[in-house]
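Given below, in the form of structure tokens, are the structures.
The following pair of complexes shares a single chain, chain A, combined with chain B in the former and chain C in the latter.
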Partner chain A sequence: MEPTVRTPLLKKGWLLAALLAVVFAGLVGLMVGPVSLGTTAALKELANLLPWIDVASELSEIHAGILLDVRLPRLVLGLLVGATLALSGGSYQGVFRNPLASPWLLGVAAGAGLGATIAIVSGGGQMREALPLAAFVGALLGVSLTYLMGYSSSGRTSLTLVLSGIAVSSFLTAGQTFLQMQHSELLRDVFSWILGGLTTASWREVRLILPYVVVSVVTMLLYARRLDVMSVGDDEAESLGINVARTRLVVIVAASLGTAAVVAVSGLIGFVGIIVPHAVRLTVGASYRVILPLSLLFGGAFLVLTDVLAKTIVSPAELPLGVITAFIGAPFFGLILHRSKAVAS
Partner chain B sequence: MTHLIAQGVSVSFSGRRVLNEVSFEVDRGEWLVIIGPNGAGKSTLLRCLVGLIPHEGSVHISGTDNSEKTRRQRAQELAYVPQTPVRPPGMTVREYIALGRSPHLGYFAGESVRDASIVADVIEVLDLGGLAHRDVTTLSGGEAQRVALGRALAQRAGIVVLDEPTASLDVGVQQDVLQLIDTLRSRQQLTVITTMHDLTTAGQYADRLLLLSEGSVVDKGSATKVLTPENIASHYEANVRVEHSDTGVVVIPVRPNPPDRPI
Partner chain C sequence: MNRIPLAIIAMSVILAACNAPPTVAIESAVSQPQPTLLGTAAVVTTTSTVSTSEVPTGFPITVSADNGDVSIELRPQRVVSLSATATEILFAVGAGDQVIAVDSYSNFPENAPFTDLSAFTPNVEAIAGLDPDLVVISFDPDGLAETLNGLGIPVILQGTAPTLAHAYAQIEVLGAATGHLGEAALVVADMQATIASIVEDVAASDVALTYFHELGSELYSVTSASFIGEIYGLFGLENIADSEDPDGWGYPQLTLEHILDSDPDLIFLADTKCCGQTAATVSERPGWGAIKAVTSGGVIEMDDDIASRWGPRIVDYVRVVAEAITAVKTVDA
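Coming up: the complex of A and B.
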């Protein structure tokens, strides 16, 4: 017999490709904008941020400010939002064994939408400060309600949770619509939030969501192997030593927490959570130990690049990011689906 | 040596008794086949042994109570293959078999070189080398059953529990799979517990039979003792002829009333 070598599921080449995608997206995100900054000067300025490097700045104070306080936080926020949405989508698909599961499945979006609407409606023009918190709380309440309701005599199964998610989402969306109708003058504000974007990105938003995103991302990545085992169904996974109910709860909590945090600062940017993990699944492999880390990296890169399009297509105005992700994502996804031999049944 | 003891195992679903005080023992290296008409509680009994459903009574494996063990400890002692194992799309045969190592891996650890070598060994023993990189959803019924068996073997558990391992396989593939189970059992000293619909197959391969009817054990013992026309008539309501061969018992269904037309 040949000596056994352990072949890692995640090939180095793909990991490298994903990292390069992040670096490329990062450079594009920093360089493209209404004000043109020299690439070398900008890179020197960035290198200066590292504690052991000290080079003379070649940017004016204003340009340095644009780079470090406008574009860099927007880039970091874009990476965090894209990575978290794609990773949460992949985790939801694993935990529900349903290729159509998106991070919105269990009421996160509807809850965040209602929370944001309440903030906008009750705060008048002063809603900016309270909106992320209201959306975050709304999202978590939406998921908690779904989890509490999703229980039948046969226990808490994927199906009862999905059905409960549909009921809770419909109820919360109805509440949101009702409020909007009562305050039709604020419809535009509500919709611009719902369609999502990174227009208001600053270091404050990054600091706000970073702890939640880190906890959520690390947890999901640690549970990737268990999601692989769960792909053979609840009974077989239990017989292989997995505590299915606990794994499902942990992954749902982690994915929902991360999603709620990013939704609070970016609005409802759709599609990333479905197309990125699927694109990885269809081109690289079906193991969650491959899907999750690659979705994290490609999701971040994808969102940063779509954000660049959102801010350049009709510059100086900006398109809602959710519109771009769907416009770019849907045909791209169609292409991958069409060319793939291994379509998930 | 006794490997598994079930004592007074009872299960009720919504007030209805599905299993009633089922008790039996299986020796190490023995093949126990559970038979009984549809709805007798065969699959439910297997699920109790695996620890998938709460039940009254106890199941002891190697002298210790199942209820005192964690899922992982149970999975290290007993491997289970349901009637129709789920085959996740996109998963390769090798990845699928490697899932069997799950109960042996640390909480957040990946596969070690030892795990990989066990998986490679299973692939070689089951002659699955040519299929190792195939998608599990593209396998034929017989191949899929061998691969499911592979996952169970990768668990390196002393007991293998198989629910209807030959259901929906043609007679040739059925024999291949059963011969394979029998060979592995003697080579690796495995204790095998299966349910079976086909009474002839049960009579050919079982060391001992357990006949369940309406949730209770109505007979147990050798094939010659259990597979009698009377037993089968009273519990399956079937008219059969029973013959004995060198390899075991053969049960032949016979039409209860003569046909109108001349034969």
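Coming up: the complex of A and C.
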């Protein structure tokens, strides 16, 4: 295969399909829930949010609250979390040229888990309030440790970084498990955070993570072309004028920052960062200028739809989101893998 | 703090034998030479002859617990309690000076011998090292009871009481096991009388008030079938969690939407200590501002500890519930 840096760019049709998927997921997310609001009434209430539109509200104050203060922030948070995880996963796979790279690779998850567990076992209301911050700090610490360790090693390749990630993750997870067993009466709290979910989503969480997510997402999208160049190999990319080490650092920092921010409010929702980018890669194309923007949109739509399942299939209870993303995502991914065999070989 | 884990485990170990509510039968006990003191729920038998005291407190004695019949040879002098509820009971029935150590979750009464002993990840050597002659637990992780029995230490397992009747039975069993049956019976009788009078003072209302009992930020709750639900039931309150527990487990997780849609009159927060929830934080939660409990002052901050234990302080709980109902009715009137 010749090093085709000029891979076909994103086709409008796919972009439109991805946008439609987001709109569809959004409408389902707002209309479906344990409480039936009535589709027309709910749509009118939503239309009222738009400028220059004023229709009479048909919802009771409580039902309007369910729509606008419960479902809407949950939808927005779901979009942000899914989009960021999928985009970060795609970027990690590009940076490491490893299809198994996930946003968890460099210790983000283990660090966030440790931070969240510390917040939970420290007890007290203030610490609970600070859980997202603790998880965020823990996640960033995890990645920093990994990077320091990988950087200080003699080899200093992307492989040493991955191995450092494994070491740091194991270490932090051990610390987390230790704390958790010291406070086994809080196991449920810790587990429900680790399994991930949007159960308590509110505008507060959205405001909390939005700045980080925006910076992270924009950076990753801007670096898509450089990832394409790097896909031909470090030396070749250098000869084409790409500063490989710097590109790697910037993308890793951006992806880790975004991932750290979203896991802080959603917990460890696994698998989104692997299946979405791969599904895009296998069905649309291998250029990161295709994979990254489409992963962003499909990732958001995917997470919102799985969240709808999370809150409906075992109604009146809710399933942890991480369980569903894996349970539905894995067979779906297998199907794509199966169908793409002919293309790949 | 230890509400749900305890409840889950205890529900599964409650003995099938504990069906009928226990009866306190002090009078008949005194007149019989080798009496069976309590009803079918809490079988207490003694092989000694009746002493001259009001009730027989002789040893050896066999009491029934969630781990079966427990034989105690001599009146225990070195009791270790790994159950916050049992600690409260032991002190209430006058066995406090026989207690040498209580676990890290016991925090009442103030003069209890607090230690760092863990009831959830217990260290058998640490417990045995105290040389106890009776250990009381509410949760039996990793076969703790069996291990201690193997060391010759009798263990009484009393899981979360599923009903008030079971709570009374546990008090009597601990009283009997420590040689304070008479006092235990008085404690129970006093509790029953006080609760009855508190409930009586709250006049019945035409329309049943609805309530939501919050165990934690994940919106776990209790149904009427649970111990705490039975207390609310005394006042004729209607539980919004009942419809959400098809399996009858008693501790369902509710959805935010269901709670808001149910628009409860009263919200009892049993997560004030663990999770810093207050009436103010509830009113600030998105979507909660419009529900009746928030608009009419029906959000009640409970003491997590009292709300999660089934000891003598149930009476305090009943009192707080009564006050809450009266307050809400005054607002409505």
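By our rule, the second predicted complex is superposed on the first by the 323 of 345 C-alpha atoms of A that agree within 3 Å, B and C clash if a C-alpha of one lies under 4 Å from a C-alpha of the other, contacts with A are read in each partner's own complex, and residues count from 1 in each chain.
One rule holds in what follows: a residue touches a chain if its C-beta (ideal position, glycine included) is under 8 Å from a C-beta of that chain, and two chains touch if they have at least 3 such contacts.
Fair warning: this is a prediction, and the values are worked out from it, not measured in the lab.
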### Task
Look at A:Ser287 in the shared chain and tell me whether it touches chain B only, chain C only, both, or neither; answer first, second, both or neither.
first
### Query
Touching A:Glu58, do we find chain B (first), chain C (second), both, or neither?
neither
### Task
Classify the contacts of A:Val232 with the two partner chains as first (chain B alone), second (chain C alone), both, or neither.
first
### Task
Report for A:Ile242: first if it touches chain B alone, second if chain C alone, otherwise both or neither.
first
## Note on the structure
Listed in rising order, the residues of chain C that touch chain A in the complex are 1-2, 4-6, 105, 120-121, 216-219, 243-244, 246, 252-258, 260-261, 263, 274-277, 281, 285-291
### chain A residues touching chain B - in the complex, by the definition given at the top
1, 4-7, 9, 97, 153, 222, 225, 228-229, 231-233, 235-236, 238-243, 281, 285-287, 289, 342-345
### Message
Applying the document's contact rule, which stretches of chain B touch chain A when the two form their complex?
### Response
14, 47, 50-52, 70-76, 78-80, 82, 85-91, 95-96, 99-100, 102-103, 105, 108, 110-113, 115-117, 120-121, 124, 135, 137, 155
#### Entry: chain A to chain C touching residues, read off their complex
33-35, 61-63, 65-66, 68-71, 73, 123-126, 128-129, 181-189, 192, 199-200, 202-203, 311, 315-318
